[in-house]
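Below, chain A partners chain B and then partners chain C, in two separate complexes.
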Partner chain A sequence: MVKAREEKTERKKTLNQVLFIIGALLGWELMAWTGWFPPLLFPKMSQVLIHLWAGLSGGELLARVAFSLYIIGLGLSLAVVTAALVTTGAMLSPLISDWVQALMAVLHPLPGIAILPVIILWLGTGSRSIVAVIWFSSLWPLIANLHTGLRSVPTTQIEVGRNLGLKGSQLVRSILLPGAFPYILTGLRVGWARAWQASVAAEMVFGASGGEGGLGWFIYKKRFFLEIPSVFAGMILIILIGLLVERLCFEEVERRTVRRWGMTAE
Partner chain B sequence: MRRSVLLLLCLTLITGGLMLPQVYGAPMEEIKIAGQFGLVYAPLTVAKERKIFERYGLKPVWKEYGSGGAVREALISGEVDVGFMGIPPFLIGWDKGCEWKIVCGFVIVPIGLVTNDPNIKSLKDFKPEDKIAVPSPGSIQHILLAMAAEKELGSPTALDNNIVAMPHPDGAAALISKKGIKAHFTTPPYLFEELSQPGCHLVIDDVTIFGHPFNFNVGVAPQRFYDRRPVVYSSFINAIGEAMAWINNNKEAAAKLLAPEFGLTPEKTLEYLNWEGMNYTAAPYGLMGFGEFMAKAGYIQRAPASVAEIAFDNVLAIIGSRAGSPSELERIQY
Partner chain C sequence: MFKPEELVIKKLDKNFYAGGKCINALAQVDFTVGRGEFVNLIGPSGCGKSTLLRCIAGFEKPTSGRVSLDGREITGPGVERMMVFQSFEQLFPWFTVLENIMFALKVTGMGASRAERREIARTYVAMVGLTGFDDFYPHQLSGGMKQRVAIARALSVRPRILLMDEPFGSLDALTRLTLQEELIRIWEETGVTILFVTHNIEEAIMLGDRIVVFETNPGRIKEILPNPLARPRSPEAKEFNLIWEQIHALLGFKNPEQMRAEKKVAKLFRGERELSCLTNL
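Right, the complex of A and B next:
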C-alpha cells in the first residue's frame, strides 16, 4: 500500500520533471524564432536536435561517446582501486590515516584541471594525460567518502560482528562495507561527475588527437568551426548520459541496497 | 567690489574648464580593439606605446585575448569593433553568416612545420601515432597542413587524426622537450626559437604550400561598424598603416620598444624583426586562395565569388580591377 503510493508520487515527480524540460526546450525554440538574438549565438533548438541526430547517425558522436566513456571508465576504475588501497592502509594504521587526511586536506581543494600543465610536462599530451587528470579529480572525493564511511560504522555493529565470530575479510564484507555503503555510493557519484568534468575540461584545454578524442574534443572542434548547434548537441549528449547513468546505475543500485537495507531517511 | 571680482574669476574658471576639451583638439572617438600577444602583433604594441591612435583622434580600448577563436567570438558578440585573425577563421565565420569583412592585410610572417625527429623529411614520413601540434582546429596552421596533405598525400584530411590543439608556447615547449609531439606548425617567434634548437628542422613552409606569400592575419570588422562609424574606421586604417611603416623604417628603435613586451633582449628582437620573410605590411595578399581550397575540402560550404564579398572598399581599391587580364595585385589574391 505504502509502496504503491510511493511509486505513484515517484512517477508524478518524473512526469513533472519531463514536462518542465519539454517546456524549457519549447521556450528556447520560441525565443530563437523571435530573432532577437543572432542565430549564430543562439541557434534554434530544432537545429540543435537535427545536428544531434546527424552526429549520432553519422557515427562521429557515437565514436566520441565511446571514447569518453572508455577513458572515464579507465580513470575512474584506477581511482577506485587507488582509493580502496589507500583507505585499507589508513584503516590498518593510524599513522597512514593521519597522512591520508593531511594529503586530502591539501589536495582535495585542488581542481583536477589545475594540475594539467604539470601533467603535460610529465606525461605529454594525449589520452594518458587525460586519464591522469580524471584519476586525480575523482580520487579525492572517493577517498574522502570511503574513509568517512568506514569510520562511521558504529563500533557496536563491529563488536556484534566480532561476537558472532566474524574475522578479517568476513568482517569487512558483512559489516564494514555494507555499513559504509551509502558513503561509497556518494563517493562514486561525486567521482563520476568529477571524472566527466575533468575529461571534458582537459580535452578543451589541449584538445586531443583527432582520432581518439571524446566529447570534449568534439565540442572544442565544433567551437572553432563555429558550428554552435553541434556545440549544444555535444552538451545535450553529456547531460543525457549523465541522466541515464544516474537513473540506470546509481538509483538502481541505491534502491537495491541502501534503501532496501533501510539506511536512508526516506 | 571684491565679491564681484571673485564671482567673475569663478565664472571664467568654470567656462574655461568647459572650453578646455575644445581647445585641445576634437573629442576622442572610442574604438575597441582586440589585441593579442606576440611578434605578429608588434604594430599594435607600437601604436599603443607611441600613442598613434590618439594622433588620429581615437581613444583605443584594448582587450587582450589568448587565441584567434576568442577574438572571433568577441567580434561576433560585439565586445570589440575590430580584431585580427587568420584568413581561414575569418572565412569560417563568413560562411556561417557573420556580417563582417576584411579591413586590411595584417603582416606577412614565415609559418612552418617544424619536427624534432630527424627521420621525418616530408609529410609521408608521419606515422599515425606521430602528433602534430597546431593552435586550434580550423586555424591557418591547420588549413595549411590540410593543403600540404592534399598536395603530398592526396587527401586534405590525411593528417587530421594526427593533430593536437596547443597554444604556441605549449607547443614549442613540447616540441623542444620532445614530450608527446613530433611536429609543431607554428609562427614567429616560436618558429625561430624552434629552428635554433639542435635536432629540430623544417619539414615544409607556408610559401611552398601556398605558392606565394599571404597575409598571416587580416583586420576584421563588422559591416555595421563600417556603415555607422566611417570616420573612426578610416582613422583606424591610417593609424595601423603608420605603426607598420614606423616599424619598417625604425627597426632598431622598434626592437628596443618591443623587447620588454616579448621578454627578449633588444638584439634578439631585432634579429627576429629582420628574419627572412618578415614583412610588416597592411597590403592584401592571398585573400582568395584559402576560400577555394576550404570549400573544395569541405571546411566551408562555398568559396567567396569575388574579393568584394569579403573585403571593404579600401581593400578593393588597393587591389583594383584591371580591364582585360588581371593585374599583378589581383593575381596574388589567389
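Right, the complex of A and C next:
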C-alpha cells in the first residue's frame, strides 16, 4: 500500500520534471522565433535538434562519443587501479597512510584542469595528456571514498570474519570491500563526473591531435566554424550521456545493492 | 555430575597502555570451565569481563598467563570459539539471513555444496524460530531477530564454546526474556559450552550454572557462585532472591569516602527542606 503510493508520487514527480523540461525547450524555441536575439548566437531549438540528429546519423557525433567514452574509460580505469594500490599501501603501513592523507589534503583542492599546462609540457598535446588530466581529476575522490569506506566497516564485522578464520586478502575481499561498497559507488560516481569535466575541458584547450577527439573537441571545433547549433547539439549529447549513465548504470547498481541492503553512505 | 575440564584460564594478566598510563584490565584471573557448562560473567563496567572474553576468543593477547582449550593454548581467533557480540551490526548487511549463515559455513569449509549449505542454514534459521525470514536482509529485521541470526550463525559452524558478550544488552526487557528462554533451550539441545557476559543480575541468575562475579581496578574475580536453581527458573522463587541479594552485595560495594560524601549531601538537602518549610509557613 505505502509502497504503491510512494511509487505513484515518484512517477508524478518524474512526469512533472519531464513536462518542465519540454516546456523550457518550447520556451527556448519561442524566444528564438521572436527574433530578439541574433540567430547566429541563439539558434532555434528545432535547429539544434536537427543538427544533433544529422551529427548522429552522419556518424561524426557517434565517433566523438565513442572517443570520449574510450578516453574517459581509460583514464578512470587507471585512476581506479591507482586508488586501489594507494589505499592498499595506506592500509598496510601507517607511514604511507600519513603520506596519502597529506597528498590528498594538498592535491584534492587542485582542479584537474589546472595541471594541464604542465602536462602539455611533459607529455605534449595529444590524447595522452587528456588521459593524464582525467586520471588526476578522478583519482582523489576515488581514494578519499575508498579510504573512508574501508574505515566505515564496523569492527564487529571484521572480527566475525577473523573469528571464521578469514585473513589478509580473503578478509579484504569478502568483508572490507562489500562493507565499503556504498562509498566505492559514491567515489565512482564523483570520479565519473570529474572525468567528464576534465575530458571536455582539456579538449577545449588544445583540441586534439591528428583529427581524433571527443565531444569537447567537437564543441570546440564547431564554435571555431561558428556552427552554433552543433555546439548546442554537443552540449545536449553530453547531458544525455550523463543522464543515461546515471539512470541506467549508477542508479540501477545502487538499487540492486546499497539500497536493497539498507546501506547508505553517510 | 562429572564435567571434564575444557577451558582453562591460568594466572591471566592483561594490561592496556593508554595515554602513557598502564591500565591493569585483568589481574591474576584463574578459572576453568567444564564441557557443556553455562557460565555467566558479571561485574561493573570496566572490570575486564569483556576483555577476558576477547582473550579467550583470541582477539586480544594476554600480557601474561595462558588460556587453553582442551590442553591446546589459544594463540588467535578460531571457529571452535565463536563470539556473539552485543552490536546489531555484527551481521553482514549485504547478505540475507540465510546467506549470512551460508557464508559462515562456506568459509569454514562446511557443507559439500551450495545446496547442502542452504539446507544446513535453513535448519539453524528454524532453530532460532525465524523460519520465513530466510531472504530478509538484516536491515529489515528487529534487534532481537538480528541477535537470533547471530546466534544461529555462530552455532552453525559447530563451535566448542559460544562466547557471548552482552548479546541481549541492547534489547528491550521483553525480548530479552524471550531470548534468554530460547538460549537455554538451544544450549540444552546442542550441549555447547557457553560463556556469557552480562551486567544484569537477573539475567545471570536465569542463565548460568555458575556466576563469576568480577570486581574492578584491577579487574579480577571476586567470587564464583554456584547456581543450583532448577530449570526452568523463575524470578519469583525464594532461592532466586537469595542469590540476587548475594550478587548485589558483592557488586554493590561503595568506598567509605563516597558513603561519607553522600551522607553530607543528604544532610544539606534535609536542612534545605526544613528551611523551606519554615519560610512557607
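By our rule, the second predicted complex is superposed on the first by the 253 of 266 C-alpha atoms of A that agree within 3 Å, B and C clash if a C-alpha of one lies under 4 Å from a C-alpha of the other, contacts with A are read in each partner's own complex, and residues count from 1 in each chain.
We take it that contacts are C-beta pairs under 8 Å (C-beta built on N, C-alpha and C of every residue); 3 or more make two chains touch, one makes a residue touch a chain.
Because the structure is predicted, anything quoted here is derived from the model rather than measured.
When both complexes are overlaid on chain A, chain B and chain C end up sitting side by side without clashing. Within the superposed three-chain model, A:178 lies in touch with chain C and out of touch with chain B [touch as defined at top]. In the superposition on chain A, contact is made by A:221 with chain B only, not with chain C. After the chain A superposition, the centres of chain B and chain C are separated by 150° when viewed from the C-alpha centre of chain A, nearest 10. Within the superposed three-chain model, A:124 lies in touch with chain B and out of touch with chain C [touch as defined at top]. Of the two partner chains placed by superposition, only chain B is touched by A:39; chain C is not. In the superposition on chain A, contact is made by A:156 with chain C only, not with chain B. Shared-chain residue A:47: touches no atom of chain B or chain C. Taking every C-alpha atom of chain B against every C-alpha atom of chain C, the smallest gap after superposition is 49 Å.
Residues 38-41, 120-121, 123-126, 129, 206-212, 220-221, 223-227 of chain A are the ones touching chain B in the complex. Across the interface of their complex, chain C is touched by residues 154, 156-157, 159-160, 162-166, 170, 174-175, 178-179, 181, 257, 260-263 of chain A.
Within the complex formed with chain A, the chain B residues making contact are 69, 72, 76-77, 89, 92-93, 96-98, 128, 131, 133, 136-139, 160-166, 170, 173-174, 177, 179-181, 299.
Those residues of chain C whose C-beta lies close enough to touch chain A in the complex are 57, 59, 77-79, 81-83, 85, 87, 89-90, 92-94, 103-104, 107-108, 137-140, 157.
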